[in-house]
Amino acid sequence: MSAPAPLPPLVYEGLVRRALQEDLGRAGDVTTDAVCPPGLPGRARLVARAAGRIAGLDASLLAFRLLDPVVSIEICVPDGHDAAAGETIARVEGSARALLAAERTALNLLGHLSGVATATRDAVARLEGLPTRVAATRKTTPGLRALEKHAVRLGGGTPHRYGLDDAVLVKDNHVALAGGVAEAVRRARASVGHLVKIEIEVDTLAQLDEALAAGAEVVLLDNMDLATLREAVRRSRGRAVTEASGGIRPETIRAVAETGVDVVSLGWLTHSAPSLDVALDVEA
Amino acid sequence: MSAPAPLPPLVYEGLVRRALQEDLGRAGDVTTDAVCPPGLPGRARLVARAAGRIAGLDASLLAFRLLDPVVSIEICVPDGHDAAAGETIARVEGSARALLAAERTALNLLGHLSGVATATRDAVARLEGLPTRVAATRKTTPGLRALEKHAVRLGGGTPHRYGLDDAVLVKDNHVALAGGVAEAVRRARASVGHLVKIEIEVDTLAQLDEALAAGAEVVLLDNMDLATLREAVRRSRGRAVTEASGGIRPETIRAVAETGVDVVSLGWLTHSAPSLDVALDVEA
Amino acid sequence: MSAPAPLPPLVYEGLVRRALQEDLGRAGDVTTDAVCPPGLPGRARLVARAAGRIAGLDASLLAFRLLDPVVSIEICVPDGHDAAAGETIARVEGSARALLAAERTALNLLGHLSGVATATRDAVARLEGLPTRVAATRKTTPGLRALEKHAVRLGGGTPHRYGLDDAVLVKDNHVALAGGVAEAVRRARASVGHLVKIEIEVDTLAQLDEALAAGAEVVLLDNMDLATLREAVRRSRGRAVTEASGGIRPETIRAVAETGVDVVSLGWLTHSAPSLDVALDVEA
Amino acid sequence: MSAPAPLPPLVYEGLVRRALQEDLGRAGDVTTDAVCPPGLPGRARLVARAAGRIAGLDASLLAFRLLDPVVSIEICVPDGHDAAAGETIARVEGSARALLAAERTALNLLGHLSGVATATRDAVARLEGLPTRVAATRKTTPGLRALEKHAVRLGGGTPHRYGLDDAVLVKDNHVALAGGVAEAVRRARASVGHLVKIEIEVDTLAQLDEALAAGAEVVLLDNMDLATLREAVRRSRGRAVTEASGGIRPETIRAVAETGVDVVSLGWLTHSAPSLDVALDVEA
Amino acid sequence: MSAPAPLPPLVYEGLVRRALQEDLGRAGDVTTDAVCPPGLPGRARLVARAAGRIAGLDASLLAFRLLDPVVSIEICVPDGHDAAAGETIARVEGSARALLAAERTALNLLGHLSGVATATRDAVARLEGLPTRVAATRKTTPGLRALEKHAVRLGGGTPHRYGLDDAVLVKDNHVALAGGVAEAVRRARASVGHLVKIEIEVDTLAQLDEALAAGAEVVLLDNMDLATLREAVRRSRGRAVTEASGGIRPETIRAVAETGVDVVSLGWLTHSAPSLDVALDVEA
Amino acid sequence: MSAPAPLPPLVYEGLVRRALQEDLGRAGDVTTDAVCPPGLPGRARLVARAAGRIAGLDASLLAFRLLDPVVSIEICVPDGHDAAAGETIARVEGSARALLAAERTALNLLGHLSGVATATRDAVARLEGLPTRVAATRKTTPGLRALEKHAVRLGGGTPHRYGLDDAVLVKDNHVALAGGVAEAVRRARASVGHLVKIEIEVDTLAQLDEALAAGAEVVLLDNMDLATLREAVRRSRGRAVTEASGGIRPETIRAVAETGVDVVSLGWLTHSAPSLDVALDVEA
């Protein structure tokens, strides 16, 4: 995947405002307000305490801007780049009170999203030399869909569906409701526009054959063992994009990819990646 | 800690709406809409795929209610209770289309918050027999402060500050700005109301003495080794509540608690706890 | 296209609230409030003054519900069905004051969206016997994207892209920026996920050849004359979906479709379709 | 009518944000992002493809500003002025990516509102030499009330009621509820403030007499033929402002106005005026 | 003034939600949550501790409904009626926790708005036997315009302008900008619709003559002594509605009204009326 | 109390926007728009008509900034300082139309909040020489909690609880629910974090003894006579902070404070303080 362009701040500004508001509450930063004169200038550095892939920096810096509109910012490690442990990610200069009040919100955004990007980067790294893409799922943190998908892209992964509305993904429940794979695909094709792709989840090779016959553009190979995956890839060649999913972990991802699947998708990139350790070193 | 009362839905309804909206997008669940007749009734079970402490169930079920106001719900394992692997957490009955469209949002809420509660429960369990409390920090996921703090309480932990405004926490930057611990506390005391407690972060025993002398009600013992912690506890007895913090992990938490500190606080409960594996089994 | 399922009200509830609020202002319906006792029950019928395809009825009825939560509603001509001139579309029974206060908001929604659906239906009807689909564009009324796209679907059309994010559409500016069609497609392919289709706009057959060679999945044939369209369709057969666009009007749509293109897209379905004449007959 | 002052952006900023958000979705402009480097500067011109009265330009340009706060703008044909076919309306210079991402939102606003203003201007032009005013109604597009009323004013028309709350308009239902015109007016007068005018809708000359006797300040002459209108005007002279309404079309508006009515009101100015054809010519 | 109809809850629901949220914060009612079991039923009475005119009861009760959707409510003294000291205004029965958590929000709404209504009622009472109306101004509490104006109406007063947009009020600054009263009125008349009244503020009889000559429909007689007021009333008779304003207090209002002015307007009704003492007696 | 730092505008920006919107409505300031050319520059002074303590100036000036982002502002009497009658509080220079349109919103904010601050300052002044603090309550105006509490602080008072969530306040209902003071405190202690203080309301000395025995950190002495208060203070010394509350008025506050209580809390500071008379003198 190529490095993604920055998201328009309009997409995440509401979240950053809400995050600041839930930290400031009704009285603001009572500690800083008690000790720090209003006009005092301050300088601080966002620092990586551990090595990782940076994501969410733009959103994170917006937290400072929302509390001090004339804050001055120098980005050292932009979104999508790797920071070494101890490396300075960005320098901010502005009202000391704003820096301290925005600190935790900024770090929470940066740490969480860099955690997602770093987990993705590491998964991608395990597939070096293979053409297989690493994809996220819709198992994201509520309210953070756009930012977490973007973090996956910054980690070198591919976002998969952003929601229920941008592609068809026929699962077993849908097949049961339609009375068969072919009928489910037929209904989906008749229902959605010519720019919407159709993916079908299959558990067995028999289901795969049915899905391919029905014209699936992508097949989701769910919880298959490696041998079955290899055979599924063979049968799908030239007919559909193949995606492996289901309980794939860092240790097993390369073996899965070596079956030849086009995409490996992993829920834990977004729902369980640990936060990257980042800090704000204030030189108030 | 005693089991907390449910949060008023007013506190999190906005988040659940936004989470549904980011999944439904502009066109809704195009797959389900293609295959499932509007009026079709459905039944489903929220199931724990792994054992854990349930949290976020109320919020999770609100996702179904917002898509089908007359959905019928039976709760089997309420918030704050433990589910075994495979156990049914709740049964929902309503429009099949609403169940499928709300599924992912409901699971993302439930899995994430139960992950936080389970991590907390496990940390609390490690301290069995000790009076030490397990506390969260403000290192929470942006937008989820109230729900994650509540999940910590459901796990048996204590929430610590909800924001920058409900207690004073004097850190090194504040001390530097005020020109000393005593002056920082004096300013804080003069600035905040009579219902606001004052906590001071200290790195050394010398700083601790200064903080105690200044009248700190709580002292945050940051990154101290066990021997120093023990001594800090001794000096604080009868004078201030003691809280240990800084890089404490599951493996080390008991040893820290055995120094006699009143509270152990852990950022990873909220920023890095893995999601609990939960699923929706639909019997459409 | 098959008849679409209803949109979840969550998608448009905000719009209906805002529409009511902009009509009620700060003092509400001062005329009705002056003459009508609070508790008075009322009955009314939504009536089509002209024949047309109904759309927006669900949203329209929500206006009544938001002012009288216990209003009783009987739908006679549901969304996606045709009403004859004079036909009753729905009956509502509830507080007379709520009926009168919601009237204009309900009619504005219903008239506007039924206008879009009727225009689409009529365009589709002109293509009877042909496999060509009628598509909308992103030339929608600000704030009404989801509802207008849905109205197009209720008219038998297909929605095309819902936004800038759910498919790639490479236009001349993008080609210029990338330095060529092939490079633009290469970059797009490397940038977006495996569920995102790529469409390329072309003005000439030479550009078409380039687009097909670059692997376009859909080609937008912009402002071509019928002969060129026919040739473009011939060259694209088996390689890409073809879409004709650019100044196509009701009178010319069939001729365009007869060139064999798969899709004809029309901006005026959403930006210039006249409102359907609908009224509320109150039997207070 | 004199040319109106610009609306405060606070009135429509929310709409422009929502319009951008519904177009950007969760991933933004994926096509532009794939081909266009972040820092690339761009220049573009808003151009009228057809002649018309410009309206909504301020709102339209706000779309660019919201994506690029430092965009530079030169207005050539301001709101309320006429553009010839092919004429440049405004020049914008800023981030090429922002220009392309905001393009459709800006054009949708500008085209729709200029369509309303142009239809109004043309209706006003048909009444040249007559003192009759052209008024809009409350038949506006949901969410666009303030902007469409403003567009009507920019076209030379008068806005009529902005909502249910800023004037009394007694219709047949209200008369029925009150048990007569006189009683309806009496109740309205007792209910509203001294700055609120009272208009009464009448279908016949007998009703007109009743309304005038009751002290109506404005009479709405609904669906009367020209002879009746003339007589109604004669009877109202010096007693009430007269307004003709009901199915009046461009072809008939002058004849209606020549009866001597003070105001002619037309729903189609806002609910059915076709969009003005406008485009963005990018010189990226 | 006749008793006003209830405001649609849609107008104030946002305010009540925000008021609850600012009281509940992130953790809810921690006291009640600690002592009160979730399912416990409760009963409570809203009681007037002092005599007054009730206003805001509907909004106040909405606070309970938002925390307990199935709360049962019995209204004893509806909005617009007088409560004696000690009288029960309403009874609520529902979740004990919801009653306690909503208590302060409900009382703040009820006390504040009943204070406004009571002050208005008392001012109206002082004018008994006179035809003069008591009007509020735009000097309202930020965010409460609609509710405070409604409270004024419930007190028997008239609301005056709800905002800057529903009537013209030409003040000295406007006259200066236009270069004279006549020109200001001419511009206003050319700018606003036929349903908008024009009021002119005058300080002297000379200005009054100018305003009347210019066609003012209402004249605001600002800070005139009683003799001047009487003369102003005489000159305005049959030509314009007269409104006295400026520093009028309860003690002076009758003398002002006896000059014959049609309306007396008082800022303190909304900006300085003391709250009515109301309480919630819980029988948990 | 020391002078508080300014609140972050993020805390109140939403309120100021809503206040402007409720005044501008759908058509804006129709009077100014009719008479004042768009580009005209203007100058104005915010002036205190009566002497008082200034509060809400920052919020008030934001109203001008939101209508004219490049307005230039000079603050003469900042928040928390005293203005003499006739003194200029601030000078604003910008678009004349923006100044006039924002005038009322700015004054309503400034007058209301300065009224609260002035009432607080006066109460504090009555306690000169005594160590007693003057506290507000949660009896605030809906939607204005944060700003009114801040105004109390600017008046020299202390804010008390900001909401139901930042401290425990056990009242009689809670005691009844828990079955006794001791049990209520025990439950509260087990339920809330180590940074939350516990206050208990008592009516009698017997209850006070119980509360002190139960470990209350603050005792609220409700409606006690002076002798009882004195005895309560004596019993509480060294054990709990004492707060007197209940019907305390300006005339009685000093006598209450002289009993030795630490805090006196007064609802009328926020629910019944009259507005400070402020005006905008425009030199357009």
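Order as written gives the chain letters A, B, C, D, E and F; numbering starts at 1 within each chain.
Note that a residue touches a chain if its C-beta (ideal position, glycine included) is under 8 Å from a C-beta of that chain, and two chains touch if they have at least 3 such contacts.
From a predicted model like this one, the values you see are computed outputs, not experimental measurements.
Participant: Which chains contact both chain C and chain D?
Facilitator: The common neighbours are A, B, E, F.
Participant: Report the chain whose mean Cα position is at the greatest distance from that of chain C.
Facilitator: F
Participant: If every chain is reduced to the average of its C-alpha atoms, which one ends up farthest from chain E?
Facilitator: Looking at centroid distances, A is the chain farthest away.
Participant: Give a one-word verdict, same or different, on whether chain A and chain F use largely identical residue numbers at their interface, taking over half shared as same.
Facilitator: different
Participant: Let me have the rounded angstrom distance from the C-alpha centre of chain B over to the C-alpha centre of chain D, please.
Facilitator: One centre to the other, that is 51 Å.
Participant: When the C-alpha atoms of chain E and chain F are each averaged to a single point, how far apart are the two points in Å?
Facilitator: The separation of the two C-alpha centroids amounts to 22 Å.
Participant: Can you work out the whole-Å distance between the CA centroids of chain D and chain E?
Facilitator: Their C-alpha centroids are separated by 32 Å.
Participant: Counting only residues that touch at least 2 other chains, which ones in chain C make the list?
Facilitator: 2, 4, 22, 24-28, 32-34, 36, 101, 145-146, 159, 162-163, 165-167, 187, 190-192, 196
Participant: Which residues, counting only chain F, touch chain B once they are in their complex?
Facilitator: Result: residues 1-2, 4, 133, 135, 158-162, 165-167, 187, 190-197, 199, 218, 241, 243, 262-263 of chain F touch chain B.
Participant: Mind pulling up the chain F residues that touch chain C in the complex?
Facilitator: For chain F paired with chain C, touching residues are 22, 25-26.
Participant: Quick one: which bits of chain A touch chain B in the complex? Just the residue numbers, please.
Facilitator: Counting only chain A, the residues touching chain B are 15-16, 18-19, 22-36, 40, 96, 100-101, 104-105, 107-109, 111-112, 115, 138-146, 162-171, 173-174, 176-178, 184, 187-188, 190-192, 196, 267-268, 271-272, 274-275, 282, 284.
Participant: Which stretch or stretches of chain E touch chain C in the complex?
Facilitator: Touching chain C from chain E are residues 2, 4-8, 10-11, 145-146, 149-150, 159, 162-163.
Participant: Okay, in this complex, where on chain E does chain B touch?
Facilitator: Touching chain B from chain E are residues 17, 20-21, 24-28, 32-34, 36, 38, 66-67, 97-98, 101.
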